[in-house]
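Letters A, B, C, D and E mark the chains as written, and numbering starts fresh at 1 in each.
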């Protein structure tokens, strides 16, 4: 059996006295689409930050394809093939859309810190950038500065940068937050298509998105995973209903029928 | 351009030593006015134009270049031997590369002895007694002061300060071997804001006298801290009489601060000279301080007229060995090293003299046996000069 | 590409116009400052690092070149060696950048700025202490003219000794061009691009695989190196380096050049270097109060044109191109006119005051009209235009608002 | 109480608000609905003076358009922006304290009350607000504005990014605010909440108000919903 | 012994002057985020104003009037200058004050001339407070000590006991939001800047006659003030106080030490006459503060007592 794409073992994180992540265990198979839901402040973003190398865990371990990555700095984690997006759009505001995507592409195409060759000299980089832009539908806006993009497009760009590096584990933090229904639909389609064959870890509050996209769902509550399972299992779980879904479970159940 | 005789005055006209540069410029302006009133130099009107060298060798070289580009062939400077050193080199290089348009450097205050010894140049003339000559005056006076048994030397950390210290050490060893040098200290140039710690050191060393070549703000602050702390030892200085030091010292310095200089305001002089001093002070609101600037300008005029040309090489040739009469005595420009010989005076700050400075009730008066004859100031030189043929 | 061809063409044609020595001197300083300001902008404009100590790299590069200059033997090859000194400068600057950048690039923003300030003061005062390396107050000087007589090369008599200022011009022009092209090219490389990415969003840059500190550090070294090229050029041009060249003052000046020129544009610092060098060397000859004017210019730019002179130029060009140009240009020229009127009054005030304060007794005589400080007419001539100009500006601004 | 007449606003050249008219009466809860990017946030910003308003805005009869925003706030108009501008370096408690305009005149709400209402906040009362989770920040901003004791509060997208359960909580909070007699102008996407608490709804489309009515009426207007809200 | 006592006294005096200067900067820096490069220029203006006013009315009136005038000037600078550039970020603000420093220096030169003015210690305080081992300690320094400690206390109360501090800090990052909460941000900024400048002015009134009042005094004091603020820690008045004293003492003691590197490291094989061996500790005095600055920023970036990094 191959190692899980992402494996989290008894991960803990304290901020001062506050214990925010209290022993999370999670194992995600290659190609799986896994969603994390949970109330606000449960620690979802923190978990993302721990896995992606922004924070160092207090204890526990994170393994990417069997290799330990916890404790590595963010850029090193990224180079090993894990890429993430941010809950609040985090793009290179003064650059054009194309440059934003290109920045996402550069490292994976082996450009590293090169200062002896033009960024344009590599056809592969150009092509890859163009391909990604086309994939997310931003080709027309490629020459606009990112700061001037409408909100939904910025979210899309956020996703584009995240997938640009070709990482095989993608983590998205509330990718559709603040999008309208139609935009959300488009975003979900994009995510589904862009992560085909890859491992996806996603945080969302929009249950439509979660139940539409995820193969499995984990519910994080006060820093602990209280349930993991297929969407229908989660929907029925009384603990989850109590902690997170509230009335919406009923609505969802209705919708499912 | 033929009817003007243009002199570039390259000094720090901004920054910490701006005040000193400003004073010099006023003296030059006055001297030029005087010459112009008498018909100029060989009929040419004298123009002294200021260039701000910012008391920095490189910037001064930039200004030198600018002056040369604008056609100046006479340059004057004095505030800082470090700068004079750069200018001498700059002028030498220029004259070597452009033998057709040589430039002459007239130094009125930068007194590193090297300039008239190992590093002497045909294109450089100095109108101020060098550090060794002035130190000679001081140490001669020390010979008559058996009460002084220990001295403290403090100076600015650059060639001039080092020259003063070296001169003091070697001459004291020679003339008063019994005097102990209890401190020999260099401090950064123009950067110290509070000299109290240095004064503290001097006081605890128990020195009977302090020797310093400090000038500008470094002099004012040093003296000020000394009088605040109640340092009783006399100060033997190069520049205690000028450049704002007296204002800073006040009453407590009376009878304690001495200077060695070619001029002070209570020297005997003709009515005419006193009149000239008064006119200068009225016009510029400033003490008459740089006698040597007037000497410089007068000799320049005399040399040019003797040569019958305003061309630097010929003026320089004429200056060599030239003798002249200043309002206070006879002066000679040595031909072998281009050092001016003039009478020097050791004077002491006093509160009962007619001539006062800086609007204070104080002025300097010559101490007993304080006059050193021009001829007696002459020192050996190691100068070997390349002269144009 | 085109702008660089024009640039090269301009550089080559200048000597044909037979500039005076004054012009050569000015142009040479400009070249040095252009390289210096561009290298500074690699940090400030591109990587977003505000440094108060850039002169350190300029100076250390320059010092190294200076020492190298003194070692070079006197021969024809010596001339070539002198010509190549900016390469040594680059090495010196880059080396200094590599050493100093190590601790300072770990942090960006204000801590970086403060470290750079501290290091500048530290290096400058240390330089005063290590006399054998830095020459103390006097500095280290040298002689760039390594060969006196013309030599015959391929049957032609070449008279290129690096002595005369016109020879130095070619040297400066060559290196200015090369360094500008290289620095421009740098912005087009992966590292150059990532430096901008790190400026905008270091966190994100890390999540696309780049170590922001590493990026900053490498850019810092490159920027130090190019500053060193400027230093090497300066060593040859001025033939002296003093510890002051490492201090806060020149560091501040390069900041002014880059900012006044416009840090958002590649050509901004070039423009800034040209204008400020001109002011510094020529203006200071016309008016003693040139620093006051420099201060005023600078403050005006900071307040009203944060994109600098280049920003103004771009706005002008856009203004001409976009629809409604006639009206806009009319308004701009009215504004400019009003501002000029006020400025004229201000100049009178300043000039009269400077002369009054100096006490040399000379009077300000623009166009032969004497304006002594004692006469009420003077103050009328000064204050009326200021008032009128400001009132006009206000009027125009209000009218265009409505 | 709040009367907006022919309000226009621009971002550079783009004319974002093109003559908005709207009213909020004392104690009333009004929802402002509309698709993304139609200018709802801009409307609120223009009322607060954050975006330069062209047109007329009156609050309690007084003309407030063109006045600086602190004066508008002091007139009794509260505003909770959509980007949750909390003060990240300060503690939760300090954030709340800053909401008080004048220490001498405490309002209807006290810090303790706020912390009671949201146990999450109480737990973190003395940590820096910058590290709060997205949802916690949202609660904090609303509470902070309430500390200033406004007579009308404008809330921009309060439930965005909140867990379903907390969405309900926020809904309750808003209802409670309304019960306390504070008028509310609510900018919302989630129809469920908006329709539950609002007395009246405005629908916005392309910089204009395209529909006004009570929730009940609105429920029947499928055409409006489809055309302007995509639902 | 006497060296130690006097170095201590002198270090404290110098340190207190530094504190007076830097307290205003700390205030402005920590509250508005403005690195006021012109701070020392306001210090200079304080000295010059006091000189001119004092000539007409005597020192004591000047002591009150000059700082107020400088403060008003500072407020005006904020109102018509800084406020305009505020929207362009901190770099622009910093550059504005950078230009202002040039401007002030040039204007001072025009108005008061390039030479030092005879601004003197008031007659009433021009005596020696006490004499130890034959060295006298001027009463004026005791007065300086008193003023700066009063200032420390007053500032502390102002900051900790008022909400203004909080509001300003919030406004630093989110000015619009603070406005929406009903606080008049511009006015507060103006006041803070005015007070900060006024404090610098006060330092000028007191320091101008302790040191020298000339157009170069601003440039001489400028950088060291930044060192104090950074070493002390952002926003920490107490830190600024400690750092001022530390630097004051450090510099005074360094000067007092007579040793050279050879004396200290000779055992390690350093030659007496080598260049490094001859470097004296006292010659290092001017660079010590900057060395400390760099070290602090690297080891403890929040400064000695700062509660946050920049």
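To be clear about the criterion, a residue touches a chain if its C-beta (ideal position, glycine included) is under 8 Å from a C-beta of that chain, and two chains touch if they have at least 3 such contacts.
Please read these numbers as outputs of a predicted model, since none were measured by experiment.
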{"item": "Neighbouring chains shared between subunit B and subunit D, ordered by label", "value": "E"}
{"item": "Labels of chains that are neighbours to subunit A and to subunit B", "value": "C"}
{"item": "Distance in touch steps, counted as few as possible, from subunit A out to subunit D", "value": "1"}
{"item": "Which of B-C and D-E has more C-beta contact pairs", "value": "B-C"}
{"item": "Chain whose Cα centroid lies at the greatest distance from that of subunit C", "value": "D"}
{"item": "For subunit A paired with subunit C, centre-to-centre distance based on mean C-alpha positions, whole Å", "value": "46"}
{"item": "Whole-Å gap between the CA centroids of subunit C and subunit E", "value": "30"}
{"item": "Between subunit C and subunit D, centroid-to-centroid distance (C-alpha), Å", "value": "50"}
{"item": "Centre-to-centre distance between subunit E and subunit B (centres being mean Cα positions), rounded to whole Å", "value": "36"}
{"item": "Shared-contact residues (touching 2 or more other chains) in subunit B", "value": "13-14, 22, 157, 188"}
{"item": "Each pair of chains that touches, named by its two labels", "value": "A-C, A-D, B-C, B-E, C-E, D-E"}
{"item": "Complex interface listing, subunit C residues touching subunit B", "value": "20-22, 24-25, 29, 125, 128, 136-139, 141, 143, 145, 163-164, 238-242, 244-245, 281, 284-285, 288, 291, 358-361"}
{"item": "List of subunit C residues in touch with subunit A within their complex", "value": "185-186, 188-194, 196-197, 199-201, 203-212, 214-215, 218, 222"}
{"item": "Touching residues (chain side subunit D, partner subunit E) in the complex", "value": "48, 50, 68-71, 73-74, 78-79, 81, 85, 87-90, 94, 97-99, 101, 103, 144-145, 148"}
{"item": "Complex contacts: residues of subunit B adjacent to subunit C", "value": "13-14, 22, 26, 29, 50-52, 56-59, 61-62, 65-66, 68-70, 80, 82, 85-86, 89-90, 93, 96-98, 157-159, 188-189, 283-286"}
{"item": "List of subunit E residues in touch with subunit D within their complex", "value": "163, 166-167, 169-170, 173-174, 176-186, 308"}
